[in-house]
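Each of the next two complexes has subunit A plus one more chain, namely subunit B in the first and subunit C in the second.
Then we have the complex of A and B:
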């Protein structure tokens, strides 16, 4: 029955139904292992407070990671690239259209040369 | 109906194999690392003891946490890591469902590539659900790490599948195709050099996928006290450890599938269950070799990357090496079909 849900592309195949069934079985096995663990925990002596190496928890607004900082490592590593491409984003539609034409021309030249 | 039951049995057996083999590999890794540092190291069964111990410990849910998501994330991470194993051949034991009559494949390399991201996404969700500043920074780093290693990994997989397709082999992304047609036997001299470069790329992607040194920036004990796992303890931490163990088998198994898919049984003339057993042991040996070079050796000789350095290395150096490897494979494929650039 599962086989009829297999999508074969000629390059590969995948069956969403099998994935769902397999995931559910693996989830149940994981859940059974999880159930065997200790269920109760001590809530006294501040054990449920966030661990901050003994420092009192600052106000949540102070430690909140803003969306702009979410990909800091990525943005910082590619800062040279961003520095290069930012000036091109002038907000002028004619500039964007010119860039589009330029890239299309390069792609067409490459395709013709490769042919 | 019987084929369905056999498939279900296969799923359960592979799950158990993933847990046992993963914890065994973690034990081997710890012994390798200890020996290289002139230490005795823990016993081989230490990861099993650790899981048992964690299941006996309190599993504290922090007061700032979102309890449902906090508790669900480790189970989802475990289930998704184990699911990858259903699509990988274990020696001559083909992926779940494949050996049954009239049953096709259930997944290919593209699916495996996507599934490998799910455990990491579950860890990110768990980290943000912890309500801890350390865990939030760790989750943020995990997301950036994922972006960093996905591109080189995709280059390696697509280049190899493309070369198989050029050789006229049907279903090039199929794991069974890759297992039956080792890339080394298909590629010419240029392609082989390209494959060596892609192997180097995959060896470096493995520690990033597993968040191991030098790519353990999301956990970073000395800076973030465990990062996205800082608030996890007891059974939740046990499930995350099991998911990492299963992912270790999956990543090393993927490298074996792409670059070392040979089996021992055809050489010694074995068939049936004996062949499956011998090939499974041989598969584990290959996995240990891959793990030694991509995890144990690397984590002993290197220190942790900063998160921006990690992105620079993966998007800069490794992507460039991968693209050169891919270009060589394209040249090799073009020459093989008598074409010219």
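Then we have the complex of A and C:
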């Protein structure tokens, strides 16, 4: 039974069954915690609203963190790399042709030299 | 019944072509008639692909010649030992690719029925879609180089027309034009390569040319023309520039099948390296060229994906990155198998990993593009900065997206992990640095999809999407099929490897077997 879940790589093995069991256990724990929660509360009196020290809750649009605000640190750290890579993506068809022909030439040289 | 079973390889092409040409006619009878017709054709076409694949996996390579009634007439007595007809040669690697095309083809057609519902021009859309399906089956099944070129061109033209199908203020038209122009250049150079081989060997049949290959200067030139044309078509860096443009602007169901179309080119690339030039071209050199393209594709693909704001453009760059894994696996396989420094086990494991990743990628990337299509369908935008909180109303779409995202990031127990594990382990033994790069790319992939998941599904319900609805049922069923396969292939990877991947890997390596299947040991 367990063997049918085991992927042998030739140098090791990996068994999905244990991960599935872990998922199931995590799900059951989560479900049990959820069961212990308050079952009846009145949402109309602000019990689900965020508490911001008396300040009015901002508009939903302002609360949501947009994609453009994520990973600014990563983008900043790699700005030098992106300054190098992005200019190649010009969107110009002539550049696409050029890259294709350039690779053709390089592969030809490599294959002929290392024949 | 026997006559149908005997002619299944021919029906692979005939059914979608029939579907393509009759769709505009039947569309005159109304939307319902057309939808039923489209579903009948796609079901028959996919069944045909699966049946051919199962017969190959059970009984071995199928050689099917058009225009002869018995297999003994494949090579006419007066032809000098050359098969002069168009021949389909379907061995386990072709069967492997047919299964991918059949499953994804069925799902995207089912999805398109709903996703195209509100739009006009559906008769032309399904005609082009069936042409694309037929061309992919043709590219996979054919054993003839010129025939391959014809299917490659049909694939390029149908694909470009579908990319440009929704004009979208001219942006889609531009993307379609770029795809068409670049594909035409690649196709023409491929044709020059075919001409160079035909001039020397008097044949267009791959098995005959592989059998007679002398590796002259012209052969090397033809090899490079084939190699770069097919590498460009599969979106390898630095020839990937068309991929984000086209994948972004095409309707999402089409994008999911363009991925399969690119993988058909990838298959052809491997066929050229392993079979057509098997035992002739220096495998270590070619293997390393493939590895370098793979590493560049993996890294540049994923790093270009992370800053994207358009969800489909982001996924398109990830498609480039995942193609890098496939190139890496097969490149390491080719190089390691030819080297005395490594055991055959390392090469075969890398090869299996690369091939397994092709199948896994078609499933989870297809699923991800379909979820992006649902977002576009319901919210009318692909811009991640304008989306948010959709998880409240689109729970199934969110779950399907999560499954696809975890699979592409190589998180166990989904299918992407299984194939990446094979690639990591074998690549680590071949060159640890490359394995580390592959793992870093997986981490960046996860980071990128965490961003997409948060941007689209998390956060409070935004006012503009307060009443957004879940996807229609056909779209959910199509995504559901792919999601179930992603999970099953992750939980039972060994069964998939034993049944589909290992026979495909051995078939790819055994070029003598391919030649003798066609020429009968001649």
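The rule is simple: the second predicted complex is superposed on the first by the 59 of 115 C-alpha atoms of A that agree within 3 Å, B and C clash if a C-alpha of one lies under 4 Å from a C-alpha of the other, contacts with A are read in each partner's own complex, and residues count from 1 in each chain.
Note that in this section contacts are C-beta pairs under 8 Å (C-beta built on N, C-alpha and C of every residue); 3 or more make two chains touch, one makes a residue touch a chain.
The structure displayed is predicted, hence computed values, not measured ones.
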Touched partner set for A:110, first subunit B, second subunit C, both or neither: second
Touching partner for A:52 - first (subunit B), second (subunit C), both, neither: first
Subunit B versus subunit C as contact partner of A:68, first or second or both or neither: second
Partner chain(s) touched by A:38 [first = subunit B, second = subunit C, both, neither]: first
Contacts of A:29 with subunit B and subunit C, given as first, second, both or neither: first
Partner chain in contact with A:85 - subunit B first, subunit C second, else both or neither: second
Which superposed partner A:20 touches (first subunit B, second subunit C, both, neither): second
Touched partner set for A:99, first subunit B, second subunit C, both or neither: second
Residues of subunit A contacting subunit B in one complex and subunit C in the other: 6, 8, 10-12, 14, 19, 23, 63-65, 70-71, 74, 78, 114
Subunit B-facing residues of subunit A, complex: 1-3, 6, 8, 10-15, 18-19, 21-23, 25-27, 29-31, 33-34, 36-42, 47-53, 58, 63-65, 69-74, 76-78, 114
Subunit A partner contacts - residues on subunit B that touch it in the complex: 4, 7-8, 11-12, 15, 54-64, 71, 74-76, 78-80, 82-83, 86, 96-97, 102-111, 130-134, 136-137, 140-141, 143-144, 147-148, 161, 165, 170-174, 217, 225, 230-231, 234-236, 238-239, 242, 306-312, 315-316, 341
Residues of subunit A that touch subunit C when the two form their complex: 4-12, 14, 16-17, 19-20, 23, 60-61, 63-68, 70-71, 74-75, 78, 81-82, 85-86, 88-89, 91, 93, 95-97, 99-100, 102-104, 107-108, 110-112, 114-115
Touching residues (chain side subunit C, partner subunit A) in the complex: 177-178, 181-182, 185-186, 189, 215, 220-221, 223-225, 227-228, 231-232, 238-239, 241-242, 244-245, 281-282, 284-286, 289, 300, 303-304, 306-307, 309, 345-346, 348-349, 384-385, 387-389, 412-413, 417-418, 421-422, 425-426, 429, 447, 451-452, 454-455, 459-463, 490-495, 497
